[in-house]
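Listed after this line are the structures, all set down as structure tokens.
What follows is chain A paired twice: with chain B in the first complex and chain C in the second.
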Partner chain A sequence: MKKAAIFLGMAMLVLGLAAGAMAHSPICTCYDNGDGTISCEGGFSDGSSAAGVNMYVKQGDKTLLKGAMNADSEFTFKKPQGEYKVTFDAGEGHQVVINGKDIVE
Partner chain B sequence: MSGRVLAALAGQPNSGKSTIFNMLTGARQFVANYPGVTVEKKVGYFSQDAAKVELVDLPGTYSLTSYSMEERVARDFILDDNPSVVLNVVDASNLRRNLYLTMQLMEMDIPLVVDLNMIDVARKKGYEIDDAALSKLLGVSVVVTDGKRGKGREELRELLARSSDEPGRASPFHLDYGPLEPAIGRLQRRLSLDESLKDRCPRRWLAIKLLEGDENALALAKNHASHWGELADNLERERQEYERQFTLPPAQHIAFKRHEVSDNIARQVLRVKHPGMRSVTDRVDAVLCNRFAGPIIMCAVFYSLFELAVNQGGRLAAMVTPYLGQAQAFLENLLPAPGYMHEPMITSLSSWFMTSVSALLVYIPQFFILFALVAILEDVGYMPRMAFMLDRIFKRFGLHGNSTLPLILGGIYVGGCAVPGVMACRAVPDERARLATILTVPLMNCLAKTAFYIMLVGAFFPDHQAGAMFFISTITLIMALPIARVLTMTVLKGRETAPFIMEMPTYHLPTVRIVLTRAFERIWIYIKKVLTIVAAVAVVIWALLQFPGVSDTQKADFEQRGAAAFTKFEKAIAGMPLGKAINNEGDLMALFAFREDYRAEKAAASGNRQASKGVDAKFEATNPVFFDAVKHRHSKAYKAFDRLRKARAHIWRERQQARINSSLLGRAGKFLEPVSKYAGFDWRVNVAMLSSFAARESATATFKALYGIGNDGRYVGAAMRNSAGGIPITPLNATALMLFMALFPPCLATIIMVRVATRRTMWMLFGFAYPSVLGIAVAIMVYSGGGALGLSGWQAMWVYYGLALLFAIFMGALPVQKPTQRTKPTLTKGAYIQ
Partner chain C sequence: MKRIFAITTLALMAILATGGAAVAHFQMIYTPEAALAKGQEIPLDLVFTHPFEAGHTMDMGQPEQFFVVHKGKRTDLLKALKPMEWTSLTNKGKAFETTYKLRGMGDWIFALVPEPYFEAKEDSYIQQITKLVVNVAGMPTDWDRELGLPAEIVPLDKPYALWTGNVFRGVVKSEGKPVPFAELEVEYLNHPPVPGKKMFQKDGLAEAPQDSFVTMTIKADANGAFTYALPKAGWWGFCALGVGPAKKYKDKENSQDAVIWVKAVDMK
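Moving on, here comes the complex of A and B:
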């Protein structure tokens, strides 16, 4: 009994660390509109809409912009100067991070 | 050598029976159920020479009493279906114990072939088995095989195919029951006088079984004997007389004798080359089942399973998704295209069906990894050890040591997925615990639920985020364990349980072929089931969401708004090249299609500047006017089209919502309001909840609007609720909603998996109904009870936590019921019992 209890405790700890699980993977694609703006479209692998999902634009540790996918699962923002990253944040540990370098016209 | 042969495959668990089955039949296998029970019936076919052999894989059993469902199924098949030959797979490295089943098969008077399997393992242990002597002693053919490496395949196939030529030749072998023989003889004579019992089963077998007090044999005699009363008196007299004389019940004497004879035979044919050497298995067990190292290694194994199957599998699934999407898009193209405002019913039903199917097919990579890893663990022999270590905790809650894996995959803490969780329940050997596990896995915290909790916690408990997340992540297990116990004491009462007999097989290295075969075989079964079950369930849910549909006035209103948006668009593009290109609805739909194709190709080329430019060039060349409207954000054509596109999407969404609200499901939401209002849910929340289950489409957004959560994730006031004069939104409301969500089944796919795993529609419906009712009861308790006591949402959480914990401890402390007792099985050495 004691052994099993110790085990359960440890399992909880380990699995707590593994909270980054995902079964329905988030999907996010961004396009450079060629006019100084970037548009991202999101969704989930099971076809769910991404409306309301939080979006962040970051430069290093600095958050430039915080917003959310609109009802059409779209998010458009002004292209920042220099390097940046876009985060599609569907919940703790379930994020898609897109490097600005990979967002092409 | 011609004609058809019906052959049955019998053997003890871990004798390598499935390996032999796969070796003989290859890919030609079918799975069904034995009539009336949840035991799987696997049938395979092969042709050898001119004979076509149908091979039925009987469930693996240690014995042939009527003690468990598996044993009864195996026995009834041999008695009723009259196979022309039974192939008895015997683990050569555990000869003595395996012969115990062989003894019983021979008593059934059937043509038998003994397959001395796993000879490689036996040889490694230093065993030498004289198969010729064994064949002579038993009076049946003995074939030596090494199923893992496919050795002995041809010989077995030929022997089985030939059995059609020599029908009905049973072995002359006769197990001598010593002092019980006179009683057996008398009973046998008595039975042979009974015309109606004569041809039902072998007389000597029936006589022995009746003396054993076997329930099914007694039932058989009772139903068919012409003078049952007289026979029963006779039988009772014989049993009492024997017990008086030898102070031992006949049943025990019979079991002892079988062991004694098995032992004798094994002694005569087996020679151990290096006795006394400590086996590899013992040395490995010293580490893996060690007091301290054991649990740590087990954690590591669970963690790797979870990481590989759920996380890495998820990543793989994300890679497969676009292809599934493409396949679906291709098929949808074949359907009548939706118009500007009108969607043909066949298109809507078909795409709903395809979405439901692909929502389940997307799990294939995860399942493949999961099945392969589980096959490796089974093949190595680690699974039973894992279950053995955990069984003591789980059995207190009516679960089984093997319930661990399903619960972990389902998300014992946060972020699992119930679909592979339910699928993994097949490893739970005991029917009652298996059903209890299947019914509680959906209560775990899957990713969809986790995302939902994060949203509510962020909005309503901004100062206690970590605490509130801890609450919801751990409360689910605290609720699930006592629920499992309650289920086993109520609805699952009387379901069969097996005593915890867990054989600790010798460790062996897994073979790639077996692992892959097993994984592919299970995936294939999964795909077949998904297609058939989804077809039924998806259509029903679609109809519930669709009918009776919106009123004519509403319909006309949507039509008119659509027409107005189109007119506005036409005005905006008048005189432009786009205006000339678009003259009717058909042209407009071509533009929509153009945009879709363009976006799809752009997404495929994402990250590659060269390829991305190439896509632009291609589309511009195809139709420069359309290209302008989908590419250049500052062009007039783009803006006009963008407005129209969004207006149309908006109207479609609203119409969809209106359709759901007026559908049968929507009516159910309204119907439930008088009850649900005590939980703090008005009818719109009910509808959102019910439809989020059916189609998770924009569930988060709907709830954000309903609960007044802004885009920054903070609570901004009940924007939507105020207008309806609904229930005020408070953190207490959010606590009730979270607890309801924790209990509510996560998605349609899960419920379909419950149907797949239990093979009963009734369990699927129950698996949906009981958590819903329980969820609403808990939410009412928290919302109305907490409100009456003046508790805040945060306080109510912990009061509830304390109560749930007390309940869990109470349920765990209740005495554990004994497994269902029938004829008491005799335990064999090498099998552990708890």
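Moving on, here comes the complex of A and C:
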């Protein structure tokens, strides 16, 4: 019985956390540094940090690069040749995909 | 007799003209959009005017301070200011302009400490310390930050994320302390600037049925906080009167005011 209560408490905690995450949306923008590199900045609509969030640079289905947002919620990478897409991946329902051609100086 | 009558009439007209001037002086920092989808270069126009009626635009002196705060970091922009002439519906006034490149995302708070303006009619000075908050991509970083200005309105709602009909709330502060029952003036930018030009558009968006609707006077509560519901899309200016500590300038009275601009957007 006691175990069930603990389990229930934990379930509520998990659900509570998940619900909390639903209330804000992921935000990510990238810009061309003009020196052959691209910088992306991420965060959440409640102002919280995106440090550690996974970042992917893809060309079609091919993943060119996998990295993560640094402590300042920034991610800089070498600009690929041709078309590419950047994905800010903070988990299910919290992804932002940016088309390379929309990334300008 | 005729002459006395004429003089009396003139004198009366002068009194009425002054007395009837319910329009308020407002220092503007103007840019067309407050909430941008991505980083870009934005224009900034510094104009000291009467926004509801787009009337008499005063000559600005060389500003004392103009800077921007982003992610807590302050950047001085005083040297980037260029003098220009602003055209109102009735005159031309000396103003300043610049552009600023917003890189990345978040909030940018622009703040202006103008040179006190001598209002000859009142034989006193007016100094309106003004803030404007611009956001990129919806990431909140600085909008509620207190800049430590001598007279300052600290927003309780994001000044760039307001639907028409929302309330805008703020706290009036003098040297960091709330000002109980502070008196504020509220005005609508009724003749938005013509895009790309240094002038107000001729047609007004709203008509005031009576002078109390041109410059609206509201008061803060016992904690220095005020609330105002925005009835129409566009830019709204809030000015807390005489709350700053500098009560004198060049041996004359000085009203050190705090101004903030907010923008309401229609739900479509």
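Annotations for the structure displayed:
The definition used in the following text is that the second predicted complex is superposed on the first by the 82 of 105 C-alpha atoms of A that agree within 3 Å, B and C clash if a C-alpha of one lies under 4 Å from a C-alpha of the other, contacts with A are read in each partner's own complex, and residues count from 1 in each chain.
One rule holds for everything that comes next: contacts are C-beta pairs under 8 Å (C-beta built on N, C-alpha and C of every residue); 3 or more make two chains touch, one makes a residue touch a chain.
These figures come from a predicted structure and were not determined experimentally.
Counting the residues of chain A that each partner touches, chain B and chain C differ, and the larger count belongs to B. Looking at the shared chain after the overlay, A:Ala51 reaches chain B, while chain C stays out of its contact range. Of the two partner chains, chain B is the only one touched by A:Ala71; chain C is not.
Once the two complexes are overlaid on the shared chain, A:Ala90 sits against chain B while remaining clear of chain C.
By the touch criterion stated above, A:Thr29 is placed in contact with chain B and with chain C alike. 25, 27, 29, 31, 41, 45-47 are the residues of chain A that lie in the contact sets of both chain B and chain C, per the superposition on chain A.
Every residue of chain B that touches chain A in the complex is listed here, in rising order: 291, 294-296, 298-299, 302-303, 306-307, 310-311, 314-315, 317-318, 321, 355, 358-359, 362-363, 366, 389-390, 392-393, 408, 411-417, 419-420, 446-448, 450-451, 454-455, 469, 473-474, 599, 602-603, 606-609, 612-613, 616, 631-634, 646, 649-650, 653, 696-701, 704, 711-713, 749.
Interface residues of chain A facing chain B in the complex, by the touch rule stated above, are 1, 3-8, 10-12, 14-16, 18-25, 27, 29-31, 33-35, 37, 41, 45-49, 51-54, 66-68, 71-72, 90-94, 102, 104-105. On the side of chain C, the complex with chain A involves touching residues 38-39, 103-106, 136-141. Per the touch definition, chain A reaches chain C in the complex via residues 25, 27-29, 31, 39, 41, 43-47.
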